[in-house]
């Protein structure tokens, strides 16, 4: 009679990671699923509008569309309408820059199987560092000054993300909770700093919490529009460059290979000799780097100082980054398009664009949030979308070979 | 005296007995050492807490050497806290200490801050024990906060408000359940989406209905429970302490305290609880004996939404008597951390909730210390930092229900 | 045997899954008081058929009759109500709960209808165990009892629910020969008590020992049902596979040379911090296959992990090709001459979402010419992969196909290709043929023998005694973390079985 314990673990009920599932559905349906997801979300948003304001949602959406500035692309728009569309489009693109970067942050972490909800904290940290760098070193010439600020801010974001990555790598603390805690710590620390040590002395006299403005040399030049009216700055190109860099790193470097391997199957990666812990740390650090960069670009591009709203709006930006990454299926092009979509949505519903008689702007902001929530919800439930599109029948043949837990052992 | 399993192969033969009691004593001594340096004892010499804390560390190390790592290191940590805290406190002036440490007020405040955490954590326990991660507790709490206030306004009674809040919380949870269970979405993504949705929905309707003025000032509030008899318990000092601490606490606080043993009994002493746990540990095994995995998961997730909403409703109509956008401020996540910290058991989660509640209670009082007023904002970090340390240090290896987070595929 | 209607009849059962016809109009009947074996290789459709019977799957066509009357079994609950109990291959037990809790789950005795009456549960379990002559502790946690005992808990679960038909799915996969004998005794007892038993297996010798009748399935179809009298292993194998099968691998005698892997007094802890490997020493020489045989859970996993660099040994020495690699990580060990075919190809061997080219480069992607200074050259990976895939006859896709699209056998070929093509000096193979069909098994065995003949050392860790006896030049038996015996390949299964349970040649182990 033996007392030998434990039976062998049963073979794979391998649960595909988020990275794996998103990758599968991206391959399987290309642009259809994200498109359908967005359409469905907007549709439900429209129902909300209808139900609460009893107004035609299509009208509302049309007004919102005009506010985005995308109508500037239509050649038949002329004159003052074109000019205001140009302004709007610049705003949209400014915001899209930020969202693309925060989207990349989340996307990179997803590739490694990690869920980075800490974009808010990483962005704030990046902003704070960028502001300070912009204020100090005022005597430096523009190019090195800007570079210094950007690099420092990105590193700060990388550190903030790296803390969560380190904790995940060493003790296995789930990054969802640690990044959220780090978010709140950054928020309160940021508020403290702009109320205290970093406060602009002139503002302190009137009890306003805001930092000093960065030196003129560190501001990013504007290439479209009027810098006095917050034109589009070269940060846009930084974002485009970041998209390319992201793609290169993920698909053409050994680091990207390792990150993807760990994201798809950390066990197999470990058995193959890849250090899972190291990659968890690096993925979160690089993820934080993108988010910190986003903060820096915003500061040097158009904000030039941080006030209380600057701190609190970071949460909106960060969560949009999650929606962007999910909708964009963690790919550079997808992230860009999704960033454009959400940026357009935000500009279109902003206070200065939306005619209150059509739809109240305060509500519009929350409506946007509802739509974003629905997008994330539907993206998570790929099954729902596929079912609606009836791709399910066509894909069932492929799915059985891809998702191991579906295949029964006969 | 205490047998230890040296090798894997002894496990079947011996029972591994753990000196838990000793570790508990160690933790108690460590905290007691800290307490000695605080009012009302306010020992002025470092030696007093030092000795007691030293004993705690010694006990902790002994427990570790006996193989029970987690409680052992917990006792050591408590001892370190005792020494450091005691040293710090003995160097602070008594007047400062008195400002910060009014124990009765602290106890009451701790309980108040812990209550929403308790509700959400126990809700989370049901969900997670059945195998569904519920990151959306924050959103469900927020739904309960807003719709509790709105419901109280509309029905002019706190009961109506509470029930309506619970209904909306449960409704949001049901959405999470559908996406996580039936549609087999990634549960964390689904939970995050649910949080967004809650933020948007509550913000939208708050602005739509209450606009710039905010919720009405005469919002029906959940009543406090006045226990006047406590004040009359001799000796007088004890009586007044009890009265100040427990004499005027909200009904929801007492409900949350009652919920703890109730949920313990349900989860561990009834067939329902056994089935819930089986679904969370090994859903296929549960399925093969005829338990409805989907049914149990739906029920548990919806229940978690209702409970979290109760915590939210307490926040709005029981505590501050109004609603502000995003007033839950991350409490849902702290509740989740409390649950993990408490090893998915009600009493453990409550202990963690008390700990985080204490941090929240102390933070505004630290601000009252003269010269520290400017750091007020910084002190708000306390509960979050504490959660971070807890998640990172002490609980990193907590073992969740085996099947948590995995969608169940019925063929 | 009485002429009653059969206890159970399956007629024309058909079940389709995406891309596969698991059951193709299968007929099957079961008499009272019989043990009926269902035989077939992996993927033949045995488990699917039984899962249909147990209500876990719904058949696309066909009907089920019990005692002549048609029944619909749409869930395990239905099956249980009709007196069908199932003991799954991978136990449906909850490790953190006690035996009693597991047995009464979903039919719990209560006090006042609200509270769980644990004492009543305990008593009932103890009573049942006594009636059927099992030795079981109702309070023990399932994760702490032996595999054989866990299986008895599963049987008790079925009996607790008044099963009259018992389905056992590959019950001896995790048992030693002795434990298997004990199980057969229990089955005989149950048969006398009036139960009918369906015994799913792919092990020919056991089927011949216990069954009254044998039904052979192949590729979803029922091939034949025959009585035990007169059936031979050879014929059964032929029915199972459809052609003559080589039951033992053809191999030349070994000519072992210098030691390539030497392990000295190795001690390794498991995940809980308890010693799982307690002083193991052995050598693997060039040109030989050394097999480690033992019941699962006796330290094999930890031993392999330590050798593969995935687990830090507590003490001891591991030398690869003369070089000390004790405590080095996986990358180091893999770079210094070890090839590792892991136990679970989908979880540990392959990244299913990667292409075959990417999978084949899993160890070498950091090296030239695949990459330089961190920059990757994917087309070089593809070229290398194309060669390997041809060499190892991998079917189902090319270098750009995702690994998930391949069948199990081809996936294992990819793993083999990756490991063998790197020309390691020592090849570590853990359960290399688990879940594979006969063709793939033959392929893997051939490659392992080839590796050995080309001068490599092969360490095979396997739970399949037939595989061990067929391939090994030396057999080491591991028991409770120690190597307790070493045997030449002509040892009998019986002796091997005794050693695996800790007994010695002269003793007969107590029941």
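A, B and C label the chains in the order they appear, each numbered from 1.
The rule is simple: a contact is a pair of C-beta atoms (placed from the backbone, for glycine too) under 8 Å apart; a residue touches a chain by one contact, two chains touch by 3 or more.
Fair warning: this is a prediction, and the values are worked out from it, not measured in the lab.
K.L.:
Any idea whether B-C or A-C has more C-beta pairs in contact?
P.N.:
A-C
K.L.:
From the centre of subunit A, which other chain's Cα mean sits the farthest off?
P.N.:
C
K.L.:
Find the geometric centre of each of subunit A and subunit B from their Cα atoms only, then give the gap between the two centres in Å, rounded to an integer.
P.N.:
Their C-alpha centroids are separated by 30 Å.
K.L.:
How big is the gap, in whole Å, between where the Cα atoms of subunit A centre and where those of subunit C centre?
P.N.:
45
K.L.:
Could you say which residues in subunit B touch two or more other chains, in rising order?
P.N.:
Expected reply: 8-9, 11-12, 411.
K.L.:
If a residue has to touch 2 or more other chains to count, which residues of subunit A qualify?
P.N.:
3-5, 406, 408
K.L.:
Residues touching two or more other chains, restricted to subunit C: which are they?
P.N.:
Counting only residues that touch two or more other chains, subunit C contributes 51, 57, 91, 144-146, 480.
K.L.:
In the complex, go through subunit C and note every residue touching subunit A.
P.N.:
Its residues touching subunit A are 17-20, 22, 42-48, 51, 57, 90-91, 143-148, 150, 174, 176, 179, 220, 295-298, 308-310, 329-331, 333-335, 340, 342, 344, 346-354, 358, 362-363, 365-366, 371, 374-376, 378, 402, 404-405, 434-435, 463, 479-480, 501-502, 509-511.
K.L.:
If you look only at subunit A, which of its residues touch subunit C in the complex?
P.N.:
1-8, 10-12, 14, 16, 19-20, 23-24, 251-257, 260-261, 264-265, 267-275, 396-397, 399-404, 406-410
K.L.:
In their complex, what parts of subunit B are in touch with subunit A?
P.N.:
By the definition above, subunit B touches subunit A via 8-9, 11-13, 135, 175, 179, 183-186, 188-190, 192-201, 203-204, 207-208, 329-330, 333, 336-337, 340, 374-375, 377-378, 380-381, 384-385, 387-388, 391-393, 395-397, 405-407, 409, 411.
K.L.:
Could you list, by residue number, the parts of subunit B that touch subunit C in their complex?
P.N.:
Per the stated touch rule, the residues are 5-12, 67, 265, 269-271, 273-275, 277-278, 281-282, 284-291, 402, 411.
K.L.:
Which residues, counting only subunit C, touch subunit B once they are in their complex?
P.N.:
51, 54, 56-57, 75-77, 80, 86, 88, 91-97, 101, 105-108, 110, 114-116, 144-146, 157, 270, 272-276, 278, 299, 480-481
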